[in-house]
Each structure stands twice: as C-alpha cells, then as structure tokens.
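For reference, chains read A, B and C in written order, and residue numbers begin at 1 within each chain.
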Amino acid sequence: MGAPHTDTGTPLLVLGGARSGKSSWAEGVVGRFDPPYVYVATAQALDDEMKVRIRLHRERREGLWRTIEAPVELATVLEGLKGRGEPVLVDCITLWLSNLLCSETSGIEGAVDRLCETIRSSDYPLVIVSNETGAGIVPENALARRFRDLSGFTNQKLAAACASVFLIVAGLPMRLKG
Amino acid sequence: MGAPHTDTGTPLLVLGGARSGKSSWAEGVVGRFDPPYVYVATAQALDDEMKVRIRLHRERREGLWRTIEAPVELATVLEGLKGRGEPVLVDCITLWLSNLLCSETSGIEGAVDRLCETIRSSDYPLVIVSNETGAGIVPENALARRFRDLSGFTNQKLAAACASVFLIVAGLPMRLKG
Amino acid sequence: MGAPHTDTGTPLLVLGGARSGKSSWAEGVVGRFDPPYVYVATAQALDDEMKVRIRLHRERREGLWRTIEAPVELATVLEGLKGRGEPVLVDCITLWLSNLLCSETSGIEGAVDRLCETIRSSDYPLVIVSNETGAGIVPENALARRFRDLSGFTNQKLAAACASVFLIVAGLPMRLKG
C-alpha cells in the first residue's frame, strides 16, 4: 500500500491553462511518494508530432515510471490499478474528453460520472491533470463551445470528487480545496 | 429590511469562466439569506434553446424565487427593488452587456457607471454574476475583441463597487476582496 | 541605489487577462518607490490607433516618468538601466513576444532566457507586466496556438526569475509567489 489518503490529500486535481506548467507540477507531487509510478496517458500517437512528444515524455520519466495508454477506457484502467498502492498520474482529462467526443461515443456524461466514482474509490495516491478552458471569449465554432461546456462541467465534477484541487498559473500553485 | 450590508459582505460579485459553476455558487450565497428571493435574469428568450434553458432554470428555483427579466434596463429594475429587503441575484452581467451591444444602445459606458452607482446604493442583499472572458488568446474577430475589452473594464468597475468579490474555478471559490 | 530587493519583493511579475487592470495595478506598485520612474514600453506606434493610445499613456504618466521604447531589444535596455536605482515598469512582455514573432527573429527562446537572466541580476525595483493567454479554448489558428504556447512557457520562466508574482482579476490582486 502507498501513503494513506488522509495525509497526502489525494485524489488531487491539478487545473491550469495551456502551458501553465500543470503537468510538471503534478509530476512533482507524484514524485513525493515512493516509486515506482504509473503514468496514465490519454494522448494518442496519431501523427508524427504526437509520436515525438510522447517519446520525449517517456524518456524524461524513464526508469521510475511505467506508462499505460488510456485514450478512452480511463475508468477501467484506473479500476485495474487498485490494490497495488502505486502512485498514479493521469495526464490529461481534456484530451480524454476530446477523444470521447471524436470517437462519437454516446453517453459522455455517464463516462464522466463513472470516472468520478472510480476516483472517489481509488486506494492509491492519484493525481489528475485537466485544462482550464472556460476563461476566454465564447468560441464561434459550435464544437468548440460544446467542448468548452463539457470540459467545464467535468472539471466541476472532478473537483467535487477530489480531496484537493490546485490551479496552476505560470508554474505556481493556488490552492482551491483541501 | 434585509440583513445589514456590513455583516453579509454584499454587494457581492461572482466571477468565473464558462461552466465554472459560478451561477450555482451565487445561488447558494443568496440562499443563506431569508426568502423570498428575486432572480433578475438578463437572458432573453429569443430562440427555443434559450426558452428551454430559462424554463428549466425557473423550475429549479420554483417556490422561493420570483423572476424579473431585465435584458437591458438592469439599473432601473435594481432601483425599483429598493426598500423591500429581498435578497437579489443578478445573472448575468455578460449577457446584459451583450444585449446592450446588440441593441446598439449608445452610451454603454454610461449604463455601466449608472449600474455601479445603483449597486453601491443598494439596501438589500445583492449578488451579481459575471463572466471572466479575458484570459484566452486575443480573438481574431473585431466585435469579440470589443466585447472582451468592454467585459473586462466592466468587471473592474463592478469589483470596485462591490464589498466582496469571488472567482469561481471548477465550482470552488477564491476570495479576491472582502 | 533604490530600495533594497529583499524589502520590496521585486523583481515582481504581474499577470492578468485582457482588461484585467494589470497595468494600472503595476503602475501603483512602482509608484510606492521614490521617483523618477522609467516606463519601458514594448508597444510600437505602427498605426494611428496605437499612436493615440501611446500618447494618452504618456500624458497620464507625465512628469515623474520617462519612457523608453524597447519593442525588441528589451534585455539590452534593462541591462543599460543598471546602477541608477530608478524604479522600472516593463509593459508588456506579451507585446514584446509578439514583436519577436513578427520580426521573424530566430532564437526567441534564447531571447527569453537572456531576459530572465537580466531580470535576476537587476539592481533596481523592477515590475514586469505580462498577459495570461492560456485559459481559453485551443485556438484554431496555428500562429495563435504557437503564440499561446510561447507566452505560457515565457510566463513560467519569468515567474521563476521573479521574487514575487501576482495574478490580477478585475483589478484585484491574488498573490502567487513572494
């Protein structure tokens, strides 16, 4: 078993805008627990640029981390990690939502609710990264508006399901909960 | 007369991005006062989608709330509520600004200043919801840029006129003032 | 020599969205030091609208402030201000990055690193204004995405180089560091 939930303030949600430093900060939080660590990646290596980014990410974390890809079946993957006590980083929810939208999965709300249930019942240190996408002007594109709404509602549900929530701005954390 | 201003920290401004949970949080603040409550809606039921949303909103608040529509004449409506002590929720300023822009009203700045005067002199618990729209990339569309500027300046003026200001992120409040 | 670094919490980074009131707030911070003040402007008077804005800005600050234009050579200008102890306001980094991008300068990252070095070694009260641009939806335009990424990474580096960092929302400061 990993460090107990009550001391560590996990599950912990890390919010932040694009290039806010949220992933690095989240990695640092996971690194305070004992290795080995599990990196749950929602990114899909669909093009060369993404393949390179994912490879660089893996190299940076090499050794202490193993990577599991979960572009769509995120709740199932997190369920499967129970009982091992390994600290887990999920990076990131926004890409997962985008994958759900693009795969035209029905019942995205149900998937979000199921994910939140899994998070609440996790028995390992769990840090989850998600994008803040709602603070700009209303997008003209209808799909962008739908995605922004979905992303905002999901962040609210995740924040309710997590013990701690931080907003990262320019690499610096602001505590919202916990 | 309602609860005294000094104890309640109103007028209170609630800022947040799209789907940040700001309206629900603001409703919760108003609900700490004694009913009946007044919901001042700036939304206009111009299309079917909006009609459904407004009806659902009304049903959720049914019983303890009455709704007044104020798409444009917001300051006049708030003036008219003086002397009754009923807690008031204004939702939201961003839509009101959008209505002013679309109705090609001249003197939007004057209307904002008049609203701020009314807010300062309110004698009832007053909670005001407004969108944060300035933290994304500069919009390519000129009207969107003008709206973003107007919205930002208005939020600054409202924040100065209010006793308390909160920023909502993922349903969680951050205290900015008061 | 100006007021000592340790007391004043400078270099100080002021972040905020469009029309958040960040420049006025930053000017107020500089105004707590003894005059005369130096305003380092990264804006370029390329069109009439910009010329008017710059002239109005200058008139507002007239008397106690002198203005130095640094649309591109920002680090060199800040280096040149060493040893005089005059409080300096840089407004703003986002426009400087935009100027670098438009002038197709190679090595923008190197320029950012050099600027951060200069900031770390500054021997005068230094307040730097930069835009938060990452909290909206992903822009469809590739140049906008590149700019957003560059702006976000730069804000992270600046925040690391500064003793204090504040986020301004609706004219109100939230302390992030220092």
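Methods note: a contact is a pair of C-beta atoms (placed from the backbone, for glycine too) under 8 Å apart; a residue touches a chain by one contact, two chains touch by 3 or more.
Small disclaimer: the values here were computed from a predicted structure and weren't measured.
Q: Rounding to the nearest 5 degrees, give the angle of the rotation that lays the CA atoms of chain A over those of chain C.
A: For the C-alpha superposition of chain A onto chain C, the angle is 120 degrees.
Q: Given that chain A and chain B are copies of one sequence and touch, is their interface built from the same residue numbers on both sides (over half shared) or different ones?
A: different
Q: Rounded to the nearest whole Å, what is the centre-to-centre distance of chain A and chain B, using the mean of the C-alpha atoms as each centre?
A: Chain centres of chain A and chain B, defined by C-alpha means, are spaced 32 Å apart.
Q: Note the residues in chain C that touch 2 or more other chains, in rising order.
A: Counting only residues that touch two or more other chains, chain C contributes 17, 132-137, 148, 174.
Q: Per the contact definition, I'd like the list of chain B residues that touch chain C in the complex.
A: 13, 15, 17, 132-138, 140, 148-149, 151-153, 155-156, 158-160, 165, 167, 174, 176-177
Q: Going by the contact rule at the top, pick out the chain C residues touching chain B in the complex.
A: For chain C paired with chain B, touching residues are 16-21, 132-137, 139, 141, 144, 147-148, 169-172, 174.
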